[in-house]
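Both of the next two complexes hold subunit A, though its partner changes from subunit B to subunit C.
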Partner chain A sequence: MGNVTIAESTTEQALAVKPEGRTRVIAVIMAIVGLLTLLVFGMGSAATAHSTLNFSPINLSNSAPLHLGSLTLTTRWTVVVLALVMIGLGVEVFLRQPKSFVMGRFGVVAVLFLLALLFWAARTPGPSPVSFINLTDILTGSTEVVMVLIFGSLSGVMCERSGVVNIAIEGQYVAGAFFGSMVVSTTHNFFYAAIVGALVGGLLGLLLAFLALRYLVDQIIVGVVIVTMMSSLSSYLNLQVLTPFPQYNTGNLAPNLAIPLLSKIPILGPVLFNQSGFFYLMIVLVALVSFALFKTRYGLHVRAVGEHPHAAATVGISVSRVRYINVVLGGAIAGIGGVAFMASQGQFQPGYTSGLGYIALAAMIFGRWRPSGAVVASMIFGISVFLSYTLVSYDVPVSLYVLQMFPYIITIIVVAGLIGRVRPPGADGVPYRRD
Partner chain B sequence: MRLELRGITKRFGSLTANDQISITVEPGQIHSLLGENGAGKSTLMNVLFGLLTPDEGEILINGEPVQITNSGDAVRRGLGMVHQHFMLVPVFTVTENVVLGFEPTKSLNRVDYRKATEDILHLSRQFNLEVDPDAVVERLPIGLQQRVEILKALSHDAELLILDEPTAVLTPQEIDALMEIMRSLAAAGKSILFITHKLKEVKAVADVITIIRQGRVVGTAEPTASESELASMMVGRDVELTVHKEPFSPGGDVFEIRDLVVRDERGLPAVNGVSLSVRAGEILALAGVQGNGQTELVEAIAGMRPVESGSITLNGRDITNHSPRQVLDAGLGHIPEDRQRDGLVMSMSVADNLVLNTPRRAPFARRGTRNLVAVQAHAAQLIKDFDIRTESPQELVSSLSGGNQQKVIVARELSRSLEFLVASQPTRGLDVGSIEYVHRQMVDHRNNGNAALVVSSELDEVLALGDRIAVMYDGKISGVVDPSTSRETIGLLMTGTRVEQSRD
Partner chain C sequence: MTEATPVRLHRRVWAQLTSQHPIVVTIFALILGFLVGAIIIMTTTASVLDAWRGIFHNWGAPGHAIKLTFDNVGAAYRTMFTGSVVDPNSLWHSLTTGKNWPVTLTPISETLTYATPLVIVSIGVGIAFQTGIFNIGANGQAVLGGIAGGVVATMVHLPMVIHLPLALLAGVAGGMVAGSVPGILKAFTGAHEVIVTIMLNYVVYAFLLFAVLSTPFQQPGQQNDISRTFDGSAQFPPLFGTASGLRVSYGVLVAAMVVVFAWWFLDRSSLGFDFRVTGANPSAARASGISARSVVVLVFVISGGLAGLAGFVQAASTTHEIDGGFLIGNAGIGFTAITIALLGRNRPMGILWSSLLFAALGVGGRAMQSQTGIPLDLATVIQSVIVLFVATPVLVKEIFRLRAGPVATLKLATQGWGT
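Up next, the complex of A and B:
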């Protein structure tokens, strides 16, 4: 054979890496939503229309923050500014194609849209002394939903990081809320309720783990079965026990524990530092799970099991032990979330979690299977959920049912993977068989 | 470490997978375990690693009998395994992978990554196994990933390393580097048990060779033994390692690919502007390390994967983005890479599998009903012609051995008149006898004046079959060379270094 010389490898690209088409679609959707907001809610409102914001919480219970006056804004220009931010984000995503936080930007646009809608819906023909938008109340109310979602998505992170899909979060919420209400009604103690909620949620986690790990039943199916079972069982028990004996479902709202001084800060104080014990517990849990998963030996084992169980097994890690532990702990966290939900509503009602568990699961995906990401995602979803419920009390020319679909539409977009590329743990939902 | 296996016997029902196997590995020795697929090598390793309990026999480490009941035991006793499919977590860093299961910790159960990194750096200096401890494993080339596997075993204080078919996924250069590592580890006093079926590598690196066949030790050999001696011990009869080919007399272009672009599952271009042509009476062998777009290329040709741009023509007819049925009807024969997934329906009989590509055609079907008599007769004929070892045509194809399953596919594809044959990894996992057979069939096909594209990651196969050799790297053809080209040059092409050659 002839002389062989080694030349530099040619770089002629037959195909430049194609821009992410789906990202562009999402960017266009973001810009269109912004444009609609601009035209319909912005330019569509009269030049004299005003929206008034109030910052004092209605519930002044034990810790009223420093007083802050109300703020009256021209509806048109406020909405225009919000809409321009939305369009700007859409354009930015379209042009720059950022690698990360596309989902986050999308979430911000969704929340801004709801805010613009709120401003528009609460407008008055001229400057008005009566304010219809109480920002502090909206944020406080959202925080309760956000908190419940964080418990759920944290539960999802615990389970899926070890490779088990926990779609039963909704069922664990229901169980936690049901038994939480009974315990609170009889003992008037939310601490006991939290413990019972954790136990019940943990037991459901154990059931999931047992069927999925011992008998390799499809995890999604087991999860759905648990949700269906819990919603039917709670309805039945509600009818048979709670209705004839209402003293077992008096429930109660969890008392707020105000942190001295900090709770006096306007807006932030009531939202972050005058909350129920569940809120603070949630913060501790986020920090704890984050630390455990990413700093400790236990966390390294969990992530190894979730990514490549065979590799973990060859170095002597017991795959099923790690998975049992995590699914039970995850179930316990979701169970506490159910109690927290009950404690923010007052008592148990059948079906009132209305799919929050699935939204929590979406928040976990949105947050890329990280506790910190789950927090950010839960905030976006939680605020959307709360706003879409709040808007009902305003004069909005859209059916209440359509409005309430909003968070679920975002959920579908997220879960379908329309935005960005998220990578689940390698062995997520894959049963492990020792060979 | 001195490892001695004495009379290890393991039975599965009526099958004796290991029959009185005795092997001794001396300290600092590279001991090669040579045997075909199914000879009982994996069973033996599973016994050694405590995953299976032997029915008879004992394991001695440094002269003392030991009981090994799980892989943790084996690791504690100083056995280290480098698996054929790496046991590495792809998204973890090198450090995280190496320390997994044996983490140094500080307070609060935290992993002490600083100490871990230092240990790894120390270890890699000691054994000359350089690798960046902070690199994420999935971004490392395969050769380096294997190095991480070796480091992992060494970090557990392994005194005996078991390398299970370690070269299957490596380029020739990486294989050379691995041999060097093995020699230096042996020089440092580590014992190495090297499991393989590749004769060249055994001869290059082993101190002692033990050959097993059908679960039995059939002999030992010196590395100076010739390849054909080793092969005949391994197979149990004389085998021809070279294929006799008629002189090369190519005709006109039969098959042509132009600027083909195909995406993989992740939407990335796996085939990125490939142009190739194959002439009548020619085998074009496509070499390359696995995962460089060969799979996607073949799937695109067979109509199983959409083509993004470019064209595929067969005898001047455009078959780009045709359905598999249209492609088959155009006269393409396809021996797929994964025979159990794409080549056969495992739950169907041999006879039905033999007509999978022509089920609607006469004589096998008439007016929408199957002619089972014709199917049966067809099967009986092919079973005879292609020497398929099966009890009857009605036998489920899943009960056949790998070699015979491949024969079913080869028989099905080559028994009808073809314009062009595409064979992807046609001998993967087959025993030497079956390899010999499949090769002969493909060369016969070529000798009859037909064209074929053979994709293989085995360099030996590429060199044996190809009239021309194209090398694929990173979705592109990095060179087309003559089979007389040196292994080193082809190896360089496999790593993407473009080679220009001047034809004399």
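Up next, the complex of A and C:
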């Protein structure tokens, strides 16, 4: 153990970079993106062009919010305002060099960029077949992605706060989605599906914990192998079982549960108060995990184990017990995330999580290993994932495939810009041996 | 003492076989992998499950159910073997009559063809592992190498002596570009290579679709996501001539050269020594003046270059074109490479044998799918189970009650998210 820490810290020292220089680079990137937005989408659109915002959701299931009329804005000046905010954030970061939330500002710029692109794409007269932007639908659509990411990054927080890296989130998503779809198809009950998803995810967490804690296998390798195993196993079972028996994969969309009155609020109502049970469960879990980690005795133990397992062991905390519990619970949360994803897509398809598990992991780093931070980070990533897919229907002159790269590129930039500024739990990923 | 040796020889062999020797552990891991695969087939095949359900209805049924179970598993593994190594009946026929050799040799030719890019890409991943770097991005690097090599192979027209090497170099360069991104980011910002490479994989997949649907690269007259066909001068010719019908190509020579290069590089070159020192003991490497930063960048460039080479070799020796699903389907070549490198303990010869094994599993898996209907993905499941056990020698030791012997621990040093 001693050796490992020393070795690790020296490589990290060898690679250590002063974050100050990078802040300026990021600030310049932000300002350039803003400037390009200003020139290309702002001044590039005709002075007479308008963009229309709608607020009433197309799908009025359960409970329709109060009707709001549509809002028509001049495309050029709306985009110019968005671009000026982007440039302003860049300049502010360059001059003030704030200590925290630099990458948060970067994420905001990325989302603003996509919004500006959307405004520009939906302008009339313009080439797009869709001539309006439905803000409420965009927000509810993003919420589905955000929700899945939050489950995943919460799982990451649970595991990594206790010192175990859970790369297997993607595999837990896949397993949760697969078995969730089978349960929903046979019982038509999403509650059972969530329980089964949690069990399956928890079992995969147990496998990770068993190999990583008892046999000290490299946690990242176990995680990657679990992901490969689950994606190939689900694809095998899909062909071998679900294709001949399609009745096990009819799936369903999770029904929305509208909260009386609150769901009537325009925009916010459909986004926050007319969601599936998974959404409310997620909110409860975020609160629970935050409370448990930072306000309870057990949370103190978890953080002690994640920061300095030997010190924790000295005062009588069982390091491996804490880690087992957290990794299994974390796996269960990610498993529920997989069911939630299935419930927003309708049924299971092999390979359709397309790296969301890894984006969730990046969101956890972005959120500084805190549940609240993970929520904010998941929102930024989720909205950019959803927007880049939405833009496809707007006949944008950029290839659909280039747009699809966008969220992944943002993730890379954020992770690269962030490291050095955030500090992972001290013993994160380091195997613990009782000496 | 000397007289006693012959008597004790079988005991010594037995002692080796029941020890924790790396090869013994690997063999037991293989057994466990196939055992898990068998259990999966038994529990998921509809006809088998129906037979078991039937045992409550008549007395003869249990025997029938057991027989059906073993028939199914047996057929699956038998077709896996005959489809990837050799069909004994066909071999006997060829030996006695001297005819049909192409048919007899097709399975092994397919396995060699399949193994060729796997060897190259896995050696790249193995070199990175030996340096303590986890290159999960080999898949994206291979795809970009395939695209870059493919562009040269389709849009430049030259005699083969120049064209093939040039396209090959373009492939290497493509992989190096994709590899340098995580390398540079890790060296200069500390971004963890696992997240960066996985995200980059998705970027490259999107770029692949963009490329094969763009006019200069897309097959003329096609709406589908497929590239132009490589020029004949940029394809690897079949090793035994076109008339043989065997697909195995001169690409295997490239793979052989890569194995030799990797052995020389890791064991004889000074840069390779720096790499291994960095992987084994970063602080010692630093103390002896090795620049951690340049090692990280170089490892990724070399590893990515090999992956890119593999991508091009794959396209130039089999399909002669690239489609939108190039190397992505079925877990992807780069992910298989991780498991191969682990199984081969990151050594060139180990990787060569593991690649042949995994290629046989893949080719045999395809034969199994077409003949018994059991999906090919089972091969990938078996591979990942094998690797889990290889990575956990102590668990294998406990299951089979092996005695302590030469320790088979797998030295791996991946690092945390960094501060």
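Going forward, the second predicted complex is superposed on the first by the 406 of 435 C-alpha atoms of A that agree within 3 Å, B and C clash if a C-alpha of one lies under 4 Å from a C-alpha of the other, contacts with A are read in each partner's own complex, and residues count from 1 in each chain.
We adopt the following convention: a residue touches a chain if its C-beta (ideal position, glycine included) is under 8 Å from a C-beta of that chain, and two chains touch if they have at least 3 such contacts.
What you are looking at is a predicted structure, and each value in this text was computed from that prediction instead of being measured.
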item: A:415 touches, of subunit B and subunit C: first, second, both or neither?; value: second
item: Touched partner set for A:257, first subunit B, second subunit C, both or neither; value: neither
item: More subunit A residues in contact - subunit B or subunit C; value: C
item: Which superposed partner A:308 touches (first subunit B, second subunit C, both, neither); value: first
item: Partner chain in contact with A:85 - subunit B first, subunit C second, else both or neither; value: neither
item: Partner chain in contact with A:317 - subunit B first, subunit C second, else both or neither; value: first
item: Touching partner for A:28 - first (subunit B), second (subunit C), both, neither; value: neither
item: Contacts of A:298 with subunit B and subunit C, given as first, second, both or neither; value: first
item: Partner chain(s) touched by A:396 [first = subunit B, second = subunit C, both, neither]; value: neither
item: Contact residues of subunit A, present in both the subunit B and the subunit C interface; value: 6-8, 10, 12, 14-15, 17, 423
item: Of subunit A, residues touching subunit B in the complex; value: 1-10, 12-15, 17, 295-298, 300-301, 303-304, 307-308, 310-317, 423, 426, 435
item: In the complex with subunit C, residue positions of subunit A that touch it; value: 6-8, 10-12, 14-17, 22, 165, 167, 211, 215, 217-218, 220-222, 224-225, 228-229, 231-233, 235-237, 239-241, 244-245, 354-355, 358-359, 361-362, 365, 399, 401-402, 404-405, 408-409, 411-412, 415-420, 423-424, 428-430
item: Subunit B - residues contacting subunit A, complex; value: 51, 70-72, 75, 81, 83, 86-92, 96-97, 99-103, 105, 108-111, 152, 156, 259, 261, 268-269, 272-273, 308-309, 476, 478, 481-482, 484-485, 489, 492, 496-504
item: Touching residues on subunit C, where the partner in the complex is subunit A; value: 40, 44-46, 132, 134, 136, 181, 185-192, 194-196, 198-203, 206-207, 209-210, 213, 281-283, 286, 291-293, 296, 330-331, 335, 338-339, 342, 374-375, 377-378, 380-381, 383-385, 387-388, 391-392, 394-395, 412-419
